[in-house]
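Before anything else, here is the set of structures, which you'll find just below.
After this come two complexes, each holding chain A, first together with chain B and then together with chain C.
Coming up: the complex of A and B.
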């Protein structure tokens, strides 16, 4: 037997593991990354939507593109990424055992980073073991990695960002999403993610959960019912749907077993998603030189996982003497600031589960958005991105304080203002003339920006909306305008379809609708 | 109940009262039902490790990836404690299912140790 040695061994080639590998290799460490999957990237390659944040967080770049960038950067720096390599054990003195092919191999790391991510939670109900009940992440893997439709008629349980994003992607893949259900009384994820699902016509059932999945060989239907404040079913509220698939998006649990096995001090921390290692601000556990980053140390988003990975990679370089304290401190400050930027606003960790009733600007939040998935007509006017000027102009239906600002830089005329405080709601400067270029529409990761022209021709106006479905409608096509709830409200004619590399696959569809519909129509459906 | 007195077997949990969903499978790999887990607690299995050895929950193909949290919440509810006070099952190698012939097959190549 022989044992290979590395300066840094990383377990998990996801966003945090690859980011750590890059930072460490850049500082001269010999780095290897093991991943049990046949493809690298962790969850990144399943993320076909544009990310939120600012430039430094790679905002408006699609997740899988970020994955490609990380892999390329790691390769250029000489990082070895070993796939189909399952770490089956971690022992004293940072020794790991890896299954590769038909053999097990031993490796010794002078430092180790565990970046194993998380696994999907399940809930049980009658029939939950029937084929057709799957995790939302599994559905995403099937459609976005393997090109397989998970089902035709689908019910989604869970209104967090995973449930919302995957519901939208199921619609994009051509599935019908019959309902989005959550036992909680309010939508858990970003309002903009909810709004883009709702305007496609998916009904939201908050304070509801699944009673039973029906079928003998596989799922053929599902019954949901309303729950009271103690999560007990309310008799008489049952609703049935014919479905062939039930997706569960009910949270994630850190896959921290390797750390427990190695003897790290652990804690059960519900705020972090379960069993997590106790670690310091660099991600170093109770065992010196053993680091963690990403979901394994607390469930968050890929954007924060990447920064945690960078910090851990730099800390490993310091631990092994490749950099001095000064560089560690400087780099830590820089990354910590970026991390703090992501952890603010309405969805900041300290607000988890709380109802934030007013925005930072003092505006009442849209309760309809939280309860039905879309902003009601009598709520929309109070947000600073919603204005009425002559000619074409943006209408920004961004109503929650989330750390995201690409729209501000997108406008060549600088008519969208967020300011230095990244969570501020975007405001439209009515004194600057909009040229209708649509860059803001395409730049909004939440697909919440529309261009509205109330006086296109007598009696008619236009709405330009972001459109990420195929087949792409053609100029001259006739169909219907759907309102924010997905209800048909008027006839609509496609008058322009724009695509451009700068839009990165967010097509701009301009529809002509009656003038009184320009503030109502938010989606287009072909005849 | 606190963590210490989970080990106090003198505590009585009261009668085992059947529940309508007792026949629901919780551990899919080993096909263990909710009722079996609840009954195991009443049989004196108060820790996750004991439950595991008694019923084989979490010892199948997925190694508890799916059911660990579910089993924990059922046991905690039966003991009337927070799930957070229950130690999870011991983590040991192999972390993932592996054929014994592979587990015993150590790579022979001479490494390029540096």
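Coming up: the complex of A and C.
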């Protein structure tokens, strides 16, 4: 039987697989990528938010745009991407078996990269199998790929970045999110993601979880209750919500079955999300020439998956003799530095599950942000991005050390400083005059930057906020200013609406509010 | 109220295939060609895709990416078709799946 041969076979056309394909093909390898899905890109095409990170690594670009860029680059380099192709087996001597339609084909790779990503975890509770209980990934797939609302009234379980980001996307799709619930005592994901959900009025219930989903044919409601430090329900704390959908965002597990099948040395590592292969710094497993990259080798996020993919693609090129050790070392150093940058800060892998009480700058973190999803009024003033001055100026409500710096390059006047340490909190240089262009507001992936003018007219000031919802309010509209918790605090008039290709769908809404509300109003709601 | 998103603040107006008609349990349902069958059913408000064989419990969309098999139905006479990853075609005959049959349990 004849078997088609490739220099590098990649399983999974997501961010890491495509990045590896690009690096390997660029160095002359004949590369094929198999993916079981109808469309390539992994989860990137469902990611409609702007990514965090550094400018060099696609920060502030939306995930689906990164997906388009990777696919185009791979196509230009002659990478073959085979879809609807499920790799069902991997055997000795790097032979793989692929199911395409009703047929099974064999392929041989001189090297192989497994980039199969992760699968969603689930939790069980009474009624969890009812139609209407869905995974957060399902919600993203339905609304961002297929243009359909997953439900009209939704409860989200899970406050990690997936739960927070998907909650926000549900609001953008026009759904109502009635509550965000997590059994953990503190919000697991980025505070800025939590804050943009909270200011839309979504209540956070930390130390709570689902008791039961109600309904006979499908979900009609849900009951949650508070849990103690041993995750046991506290009687009398039950709360009911009328919902038609319950969305579960309770973590991811590596899809590492193929590696186990091939005989790679594996370990059960809870910090990496479960069963993962043991691999070296290039992603090479215990089997020479068999590499891994992305979530399959430990749960992180798409930005680091892309860099891991690049490293593995380059390492495969070295393994097959397409490049020398010098090029491998140089490229590895460069990518490793970027990866190390992404793994710094409060959400670094070694801090997982830990309460970090002070920022790198020595500032007390906002406990209200961790427990309620928004920074309290008596906490906000202590962060370096929050300043008061005459005239228009940015107020940067970025309070956690995360690896992200697009804001410092966004300001044409250079009034925002992060410095060379990517996780440092952005600070405002009060000696530089803000021109009110709003580029910082639109560039902040966490939507944490506002322009504030305390002296717009006697008794009134303005707040310029990022706005990614429809319908877009118009100049002259009257409504309400909502505070960081989503509570109506004042009347507000829209005095300016700015959209620009440079803002990439983040509209800038300027609202006029009473002067004493400029440090409180952070969202606008029409009457 | 339709659950379809007419215009999205980031994605704009999503392109759809041509409008087609298919049947679900004998009733005419409209959807767009090429979208997952499950999407068209969701837009029509149909939540239950199947009932489990042993306990006769309802199941619907769960993972939406073809992994969990909760959403399988009988499509053109073939059982266990994952409706969340199977593109819709004009005239498809879709039926609720009872166990692995199109016949409700009381008739099995």
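Quick note on the criterion: the second predicted complex is superposed on the first by the 526 of 527 C-alpha atoms of A that agree within 3 Å, B and C clash if a C-alpha of one lies under 4 Å from a C-alpha of the other, contacts with A are read in each partner's own complex, and residues count from 1 in each chain.
Everything below uses one rule, namely that a contact is a pair of C-beta atoms (placed from the backbone, for glycine too) under 8 Å apart; a residue touches a chain by one contact, two chains touch by 3 or more.
Since we're looking at a predicted model, the values are computed, not measured.
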Exercise. Following superposition onto chain A, is the placement of chain B relative to chain C best described as a clash or a fit?
Worked result: fit
Exercise. First (chain B), second (chain C), both or neither: which does A:129 touch?
Worked result: both
For this session: Once the structures are superposed on A, label A:268 by its partner contacts, choosing first (chain B), second (chain C), both or neither.
Result: first
Exercise. What is the value, to the nearest 10 degrees, of the angle subtended at the Cα centroid of chain A by the Cα centroids of chain B and chain C?
Worked result: 60
Exercise. Now for A:105: first (chain B), second (chain C), both, or neither, which partner does it touch?
Worked result: first
For this session: Identify the partner contact of A:378: answer first if only chain B is touched, second if only chain C is, both if each is, neither if none is.
Result: neither
For this session: Return first, second, both or neither, reflecting whether A:62 touches chain B, chain C, both chains, or no partner chain.
Result: second
For this session: Return first, second, both or neither, reflecting whether A:326 touches chain B, chain C, both chains, or no partner chain.
Result: neither
Problem set entry | First (chain B), second (chain C), both or neither touched by A:5 | first
Exercise. Can A:119 be said to touch chain B (first), chain C (second), both, or neither?
Worked result: both
For this session: Give me, in Å and rounded to a whole number, the least C-alpha distance separating chain B from chain C in the superposition.
Result: 5
Exercise. So which bits of chain A does chain B touch that chain C touches too?
Worked result: 36, 119, 129
Problem set entry | chain A contact footprint on chain C (complex, rising order) | 1, 3-5, 7-11, 14, 16, 35-36, 39, 42-43, 47-49, 57-67, 70, 84-85, 87
Exercise. Okay, in this complex, where on chain A does chain C touch?
Worked result: 36-38, 48, 62, 64, 119-120, 129-135, 137-139, 141-144, 146-149, 151-152, 172-174, 216-218, 468-470, 472, 505
Seminar exercise, completed: Seen from chain B, its contact residues with chain A in the complex are 21, 24-26, 28, 34, 65-70, 83-85, 88, 90-96, 98, 101-103, 105-114
Exercise. If you look only at chain A, which of its residues touch chain B in the complex?
Worked result: 1-5, 30, 36, 86-89, 91, 97, 99-100, 102-106, 119, 121-122, 124, 126, 128-129, 253, 255, 257-258, 260-261, 268, 270, 274-275
